[in-house]
Every structure is written in structure tokens, then in C-alpha cells.
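Next up: some structures, all given as C-alpha cells.
Same chain, two partners: chain A is paired with chain B first, then with chain C.
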Partner chain A sequence: MIRPSPWLITLLLLPGIGLIVVFIGAVIYIAIAQSIGFYNLSGESGFTLESWDKLLARKSYWTAVRYSLFIGFWAAVLSVAAAYPIALWLRKPFKGSLTVSALLKAPLMIHGIVAAFLFLNIISFNGIVNQFMIWTGLFDAPRRLQNDSGAWGLLFLQVWKNMPFALLLLTGAVQSISQDTLNAAQDLGAGAIERFRRVIAPLTVSAMQAALIIIFIDALADFTFQTTVGPTNRQSLAQYMDFFRSRGRWNEAAGVGVTLMALSLAGAIVLAVTARLIFRKRPIGRVLAWYEIRNKEARS
Partner chain B sequence: MITPHTLNRALMILLMTVATLWLVIPFTMAILWSFVDPAAPWTPDHLLPPVMSAYRWEFMWENSLLKPALLNSYTLAPLAALVTFVIAMPTAFALGRYEFRGKEIAKIAALLPLVVPTFVTAIFFTSILYQIGLAQYRFSAILFAHTVLFLPYAIRIMSVSFEQVRQDHINAARDLGASAWAVFRVAYWPALKPGVLATLLIVFIKSVEEFAIAYIVGQPGFVTVPTLVYASLGQDFNRPNAAVLSLILAVPNVILMLFLERLLKSANPALSSGKG
Partner chain C sequence: MLGLAAKDIVVRFGEVEALKSIDLDVPTGSFLTLLGPSGCGKTTLLNVISGFLKPTEGRVFIDAKDVTEMPPEQRDTALCFQSYALFPHLSVEENLVFGLRQQGMPPSERAERLRDVVQQLDLGAHLAKLPNQLSGGQQQRVSLGRALTVRPSVILFDEPLSNLDAKLRESVRHEIRSIQQKFGLTAVYVTHDQNEALAMSDKIFVLNEGQLEQAGTPEDLYHRPRTRFVADFVGSANVMQARVIAQPDASMWQVETPLGQLMVRSDTAPVADTVLIAWRAEAAVMGMGPANIVTTQVGRRSFEGAYTDLFFDADGETFRVQQTRTTLVAGDEMSFHILPDNIVFLSDTVSQVAS
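On to the complex of A and B.
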């Protein structure tokens, strides 16, 4: 490749990367500045931690933090956990595997709001789920399944929407593991769980981390699913932030915005590090050493 | 005895059933609801709607904000696609064709809009618009925000396309005395073409689907298809009407996505550079 002058590179990067950095930088800056009293749209501006004091003293703030973390964490973990066995099953192509894969990935193409509608339609009071439950005799009468307080419906929808994404990332990673490595592990006496824990997971940890982080950030900052199918007794952070914004309370909205960004970053790091720590036991050295010996023996 | 083959078959039947249940039933229900005639409501004792008509479709077309929403969404999307593409080109060229210090950092910086939650971006972009007194230019503001938000996709796809342009093709064309335009046409364009189409299409789809920016920056009064569907799921939730709007949002995008997938698959370096 050619190495041009740094000036030319700067000039070429400015419209793209430059614009991104300025725009996102300005958004982050204004959120932080407004949370500490600057750039007020009305009244005096100046450094103050008043809005933070108010925010941190609110029970609803902590409820929103806990709730959003709960949704973000479980959406990421459940989506990845559901995607792994399917990715492993689809690792080697077989008759019909392409159709299965396409069907499973289809929710990727469906807009979140449309997904929310489809779900609402199914679980509504006179929806197909209620009718099915009555038909089986499990329900005596239709029940209200919408906006359940345990957020099960919301989590189901999150997994429905995000599992295909995890599957997309994991399929590629799982397919790149050579059959020899897996055979070697099996020959060494590793069972299915052991093979996953000590061979597959360590070898696909990068894809796992990417899926966990992206789904976590997406679900942590969710607004549409929460306001359509989520519980009505709790607010997500994005909903809470919009609540303050719509009332012109920009400083508090900014506080929630900064919290959301900080949690996205911290959560992403924690998930990435935890995944790495859990699956760091690299048996590959042992497996590969054994494989090398076998290869040498075969050659000689 | 259960052989792996039987197990695979059983698993496939099970999974196909589940996948069908989670796609076919929801969509069939949505389609049926969109055709429920108001004269005869669809009650639980009927398996299918008692009377079906296109009334809801006509009603939504005539009496809702569907027309302005479609106009806004489908004006924003091609403009966003074009502007994003033009702005991404120089950066993609630099990342795809040149080696320079800090290239990895530049690649990571290009992903920034995807890391910051879109709702935070939307709310504090509105705050900036208020600060600088431009909040009333909602269409331009949304267009601008969409452009920045979708730049990562355009930069990524186009830089990969630029990487696929083969230096020997460029050199050969130059050695044969080709003009700059001719070099572009024979060496660059075949490798870039699938990427260009994919970029335009992906930004178009993303823009049509985008909700947070359109919802926050567009308040009050600016409506796009996703914000209209969202509104229909709120307090005035009316299933047949929401079904019509959901289908209007979902169907064109699914078709475009299928087309995009085909396009991305065809973005094969060997094929696009003209060599097998």
C-alpha cells in the first residue's frame, strides 16, 4: 500500500471521521455540561451539582438504573446463550440448514416497532396466546399478558430481536474452528460441555464479546420496547431521560444521559472482561500439542 | 436406536416449527387484522375475520398522517443515502487505499455513532439545536443526524470495496495510457460497484427505519413512518390501523433487505475485480 503525506490523509479523513468526532463529541460534551449546570436553555448557567444531587436522591432514578441494567444484562446473556447451540448445530451445512438459518435470522429484517406490534397482537387480551391457553384448559378466562410487571414479555421480545444478531456473529466464529481441533478434544476424552467450555468458547470469545456488548448497549438504552410492551410500574433509563426532557428539565435529562453512557461503557467492559475470564482456560495448547504429535507420527 | 441423522431431522422439524410459529403466525395475524371490516369486528369466537375488506387501508390512506409520513421518510432516506455516500467516500478511500499511522484509531473512531446510545444522541442533538437556534429546521436536522449516524456503515463498506481494487489493474490501465476516467472505469468501478449499491441501500433502509432521531428531533409535528407506527401503538391503540401501518413499514424494508443481502454476497473480490 502507498504511504501518502499526513496532510493528504487528514484532508481525506476530515469529512467522515472528523464529522463523526465533532458531532458525537458535541453530543457527549453537551450532555456532561448540562448535567453540571452549563448551557441551560432557560435561567442562569453555571457550575452546580444540584441536578445530580436531586437525581441521586430519587428512588425512581435508582429503580431505572437497576431495571435497565437487568434488561441489558439478561437480553445480552439470553440472546447469546440461545444463539450458541443453534450456531453449533448449523456449523456444518446439511440439507435444509440454509432455510433454517434464513428463517432464524429473519427477525433481523423486522423493525423493532413492528416486532412490538406483532408481539402485542399475539399476547393481547383476545389474542392467539390467550385463546390457545383457554383451549388447552390452562387458563379459565383470558388474562392480561400485556405490559407484565416481571418484564418477561419485554425480555422475550429483546431475545426475539437480538438472538439472530448473536447467531450471525457466532455462526462465522464457530465455522472457523477446524474439525481437527474438535476431534482432537473429543479423542482426549472431552464431553460436549467440556468441548464447549474449553475449546469452542475460548476460540469464539471475540465474537461472543462483540455480541454481548452490542446487545447489552442496545437493550440498556431501549425506549420503544419498554414503552410499548414493558412494565408500566418501572421506567427504563431512556424513558426516564425522555420524561425529564419532555418537561424541559434538561439538567436532569442530562444526568440520566450521562448515566446511560457511563453504564454502556462500564457494562461493555465488565461483560467483555468476564467473558474472557470465564473462558480463558485455553486447553488449545494441550490439544494442539497432541495433534502435532499425531501429525508427526502420521508423517513418519 | 437414535442415529445422529434422525436426531438432526427431528431437531430440524422442531426448529422449523418454532421458526414458523415465530414468524408466520405473527405476520398472518397482522395481515388478517389489517383486513378486518369495521362493520363486523373480529371476535375470539371466529377463527378468521367474519368480513374482510380493504376499508382500513383506504381509511388510513385518507384519514391518517400516512401520506406526509411516507413523503418525509421516502424523501429523507434517498437524500441521507446520497449525502452519507458522498461524505464517506474520501475517508473510505484513505482507509482502503493508504497505509498510515493511526489507521486503527481512525477505524475505531468511525464506529463512535454506534457506541453512544441513539436516544442520548437524539436528545442532546436537540439540545444543541436549541442552543444554536436551529431547532425549527427539523427536516434538515434529521437529515444531518442520519448522515452522521449512518456514516460508519458507509465508511466500512466503501473502505472494504476500495481495498478490493487491484493495484495491478490500475497499473495495467495506466501503462496502456488510459486517462484518469478510463482508469476509474476499468480498474476501480468493477470493484466498487457492489459496495456503492450496498452503501446506498443500507443507508436508505437505516434511514427509513430510524426512530429515535426522527421522534425526538421531529417533535412537534414532523412525522415519519416509524414515528407514526409508534404513535399507533400508544394510547389510541387500534389493532387494525396499527396492522396497516406496521405492514407499510415492514414489507418494503424486508424486500430491500433481501436485495441488500444478495448484493453484499455478490461483493466478492474475485468477481468484482473481473478475475476468477
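On to the complex of A and C.
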């Protein structure tokens, strides 16, 4: 086979990768430059870390960081965790499985703000949930469920909205595992959990990583759900950035923006690496141990 | 003692009855083959034994213990799949010890068990490789090794050689048989290949349309088929209609056939006046003999390497004789005889076969 020249490969890739590099590079450059004072939208530009100092000294900044990470992490993990059993259930076609699959993906077609208000109606003071709880006798009187301080409502909404996306990615991956492979694991003594842990998850880890990363980034930067159903005692990073922007404090807003981007990148890497380490760990240690035993025996 | 027993196994899929009251007894340490064409129910029966399919009726026993309600992961069986079903993300070593890890075996014992199997199957050079780095034969050996490491009470094979080329198939089948004998394993082997079944088995169960046609040793099935299906499926015998015209002695019968009058020696009486009889192509002995002499013209010759098939027509039907060395060609006259012991009465009546 004739190997094409590296220059030709570069040239062919340039229209795709070149555009990505230029656009993303420009955004990152402006964001970083602005976060240290250059291209100042509200004053003179200059190299300064003062805005970062001020930002990092704020308690509310760290609260927003922790809160956004909490929402991003749990939204990603819970969405993927909820999608797996459904993907496995829909793995083999059955009567009505196409309809079920289509209905489950319906949230993908509903805009976030619409979903948030729909959810708000359901959990409102005189909404269906309160009425149901009173009917069951678990509540004596209607309770305020909106904007709960534990962010349970927000997490529920995040999972409802993102689970179909995870399902979309995982269904294909799960379907690509042959039934014989799963049967072999079961035949060798693996129960349902072990089959998931040792066969299904490792073989679908790429789809799992993709789902975790995309949902994490989306939920980390959430603004719509947070402002509609999120807790009122804490702000997400997106909300925090908007807080500065609405007051014309562009440097701090840019600082929060860079934090958001850095956390997206770092969080995505951590999630992806962790998922791979947990489910796709290569048994290097064991292989080496085996060779050691074998060599010892050969020597003796 | 029975290593495996299945009693009155019935499997229905809606209106379709895939298995019709099958009884199966496999003594410990023996090699049983389920033989039959595609769709006869052999894999369904294997799935019932391994636990992947619950029978509609009937019970399954392993080492005299009723395992009918037991899920596959709790049964003391190991299955070798047609597709090998190796775990593509695990190395050969990890594949081999998968079952042992599930059993919670300590690492030292695991290593010992692994070493035995690796030596037996000569897999030492491939331990760190992934399945996709192995040839078909090597993958088959890993699949076999993975089943052997757990030392199951019953080892099950679902057409394990069907993806291998003819030469490799022959060597692997000898390997499987010798390992089964070495470890004294109770084995159930599913195949549609009669040569495999005859070469490997202690006992063969021939299945057809969910029913047991005949069970017996390879020699029994080959030399004394009971039905037209078995005669045809195992070794492709010449089957023809025969009318009983006399019984010269207690075990000798004279019949009228498309080849003329023939003598049949049989311990069992024919089931009707007009019956089916079968004889093997290689049972034809060229030249004159004491009885059953047939003189005819060679219609077609087919050289098959180890033997030559000679076809001839009689009464509108085509028959086949087999010779290891022959100079006969199409159009030549040939005379051969068949010993009365080499002709068998089949139990199907002519009307059954016609229907």
C-alpha cells in the first residue's frame, strides 16, 4: 500500500480541523485574554490578575463552583444510570418496542424552558403532585416544592431531559454486544450485576463516556432550569456569570466564563478517565504476575 | 451414574412445538451428540440443558440434582459457543479465568488451573493477546479452555467447529475428544455434521422435527438405522421399497425390490408386508456372491478421492454403490452382491414415508 504524504493528509484535514482550531482557538484566546483584563469591554485594557484575585476571594464564587459541579456530576451519572436498564430492556426488539423507544426520546424534542415550566406546574402549590400526596395521606396540606433547597427538582428535570440523550448513545452500543457474549458470561457464573460490570459496561464504555461528558458539560453550564426551578439560596456558574454581566462587571463575568470552560474540560476528562479506569481496566498486573510464575517454573 | 438426564422435555413457542417429549440420559464421563438438520431442535435442547430456555414441560437433572428452575449462572455446566463468544475486551488469560473469578477462586489456585489448561491447549504464547488477534482455531481453543477451567459437571458444545476449515475441524475434533476423555467430562455436543458425530461420540441422539428419531452408538446408527430419516441423514443409505414374499427361517426374509428378489437377515420382523429397506453404498461387494446379486449398468461415476461413487437406475429410482478403487465408467456393466446382514428393515411404513 502506498502511504500518502503527511502534507497531503494535512491538506485534506485542513478544511475540517483547521476551522475547528481557528474558531475554538479564537474563543479560548479571547476568553483567557479578557479574564486577565485585555480587550476590556468596560474600560481600558491591560494585563491584570486583579479581577481573578477578587473573583477567587468571593465565597459565593466557590459556592457556585461546588454547586455547578454537583449538578453536572449527578445529572450525568444519574442520566446514564437511568438510561442503561432501559437500553438493555430495548436491546431485543419486541412488540411495541419502537413506540416505547420513540416515547422515551420525546424529551429531546421539548425545549428546556418549556419542560421547566411544565415541571413547575406539576409541582406547584396546587399542582398534581401536592394533590396526589394529600390524597395518599402523606401530606396534611399542600407544601412548597418549587425551588427546593436540595435541588432535587432541578436534578429530576436534568435527568428527565438528558436521559433520552444517554439512551440514544447507549442503545446502539448495547445492541452491538452479541447475545452469545452475554450468554457466555452468564454460563460462566456471572449474574446480572456482574454481567453489567464485567461485560456490558466495558464494551459500551465509549458510549458511556460520550454521554457522561456531553451531559456533564450541558448540566454544569445550566442556566434555564436553574433560574426556573433551581434553589434560590445558591447560584449556578451560568447564573453567577449572568449576575456580573447584568451589572456590567465584564471582567468578573469573563472570569466565571473561563472557570466554566475549565471545569467543563477538567470534569469531562475526569469523568471519562474514571469511567474507563473502573470498567475497562487492563489486567497488566495480572498478566505480568502470570509470566513471572511461568518463568520461575521454567527456571526451576 | 448419570451425569445428565432430561425427562419428558417439551418446548413450545406459541403454536410451534419445538421439542416433543424428549428423554435424554448421559452417563457421567460419556460423550453424547445431538445430531440433526437445521431446525430439528438440537440447539433448543442444549439451551434447555444450559438453562437459557425453560422447558414448557419436563425436568433436567445434573448429577441427579433437579436444576430445571436454576438459572444458567448457577448450573454446573459450561457451554462452548458456535461463535466462540470470547469477551472481546479481555485478553486470552482474562477470558480463560473469567469463570474462576466468578467462582471467587483464590489467585494461587486460579493460576494453577490456568497453567493446566494453557499447557493442555498450548495457549502459552497467546495469553496477553486479545481475541481479535487470534486465528479461528486459536479462538476455538480459548473458548474450549474457558469452559475447561471451570471443570464443569457437564460441558456443552454448540456446533463449535462449524466456523473452521475442514482440516482444522478434524484436528480440533480429536483434541476435544481427547480432552473430554482425559478429564472424564460429561459432554453434550450439537452438530449437523454426521462425520463429526460418528467420529467423536459414545452415543448419538438423532433429532428430527423436535422428536427423537433414534439413539444409539455410532455403529448402531450407521449399520442398523431404524427409520428412513436416520438411514438417509447418517451416511446417506440406499432406501427402497420392498414387499415381503417369504420367510425361509426365523431371521431370514425374502423380499421383492426394484433390484429384484433379495434376502434380508433381521432379528426383528418387518412392520408390514410392504416396507422400506436400507443398505449402505459401501456394502456392495463387486462380483458374484452367495446371495443378493445385482447386475446393472453404471449410469454415472463420481470420483470422491478416497472412494468412487457409481450411480445406477432401477425401476425409476437412482441407487449408489461405493468402491475404493474401480475402473468402471458410465455405461459399463457391473455386478455386485450385498450380504443379507447388511440390509435392514426400516420401521417407517410406506404410507408414513409417502405422507
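Following the convention adopted for this analysis, the second predicted complex is superposed on the first by the 255 of 300 C-alpha atoms of A that agree within 3 Å, B and C clash if a C-alpha of one lies under 4 Å from a C-alpha of the other, contacts with A are read in each partner's own complex, and residues count from 1 in each chain.
We adopt the following convention: a contact is a pair of C-beta atoms (placed from the backbone, for glycine too) under 8 Å apart; a residue touches a chain by one contact, two chains touch by 3 or more.
Since we're looking at a predicted model, the values are computed, not measured.
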Touch count on chain A, higher of chain B and chain C:
B
Touched partner set for A:A81, first chain B, second chain C, both or neither
neither
Once chain A of both complexes is superposed, is A:V273 in touch with chain B (first), chain C (second), both, or neither?
neither
For A:A262, using the defined touch cut-off, is the partner it touches chain B, chain C, both, or neither? Pick first, second, both or neither.
neither
Which partner does A:A190 reach: the first (chain B), the second (chain C), both, or neither?
second
Applying the touch criterion given at the start, work out whether A:T181 contacts chain B, chain C, both or neither, answering first, second, both or neither.
second
For A:L203, using the defined touch cut-off, is the partner it touches chain B, chain C, both, or neither? Pick first, second, both or neither.
second
After superposition on the shared chain, which partner residues are touched by A:I122: those of chain B (first), chain C (second), both, or neither?
first
Once bound in the complex, which stretches of chain B touch chain A?
8, 11-12, 15-16, 19-20, 22-23, 25-27, 29-30, 33, 43-44, 87-88, 90-94, 97-101, 106, 109-110, 112-113, 115-121, 123-128, 130-131, 145, 148, 151-152, 155, 209, 211-212, 216, 226, 229-230, 233-234, 237, 239, 242-243, 246, 249-250, 253-254, 257-258
Contact set on chain A toward chain B in their complex
1-4, 6, 9, 11-17, 19-21, 23-24, 26-28, 30-31, 34, 39, 41, 86, 89, 94, 96, 99-100, 103-104, 106-114, 116-122, 124, 126-128, 130-131, 142, 160, 217, 220-221, 223-224, 227-228, 238, 241-242, 245, 250, 253-254, 257, 260-261, 264
Can you list the chain C residues touching chain A in their complex?
50, 52, 71-74, 77-79, 81-83, 85-91, 93-94, 98-99, 102-103, 111, 114-115, 124, 127-128, 146, 150
Name, in rising order, each residue of chain A that touches chain C in their complex.
178, 180-181, 183-191, 194, 198-199, 202-203, 280, 282-283, 286-287, 289-291, 293-294, 297
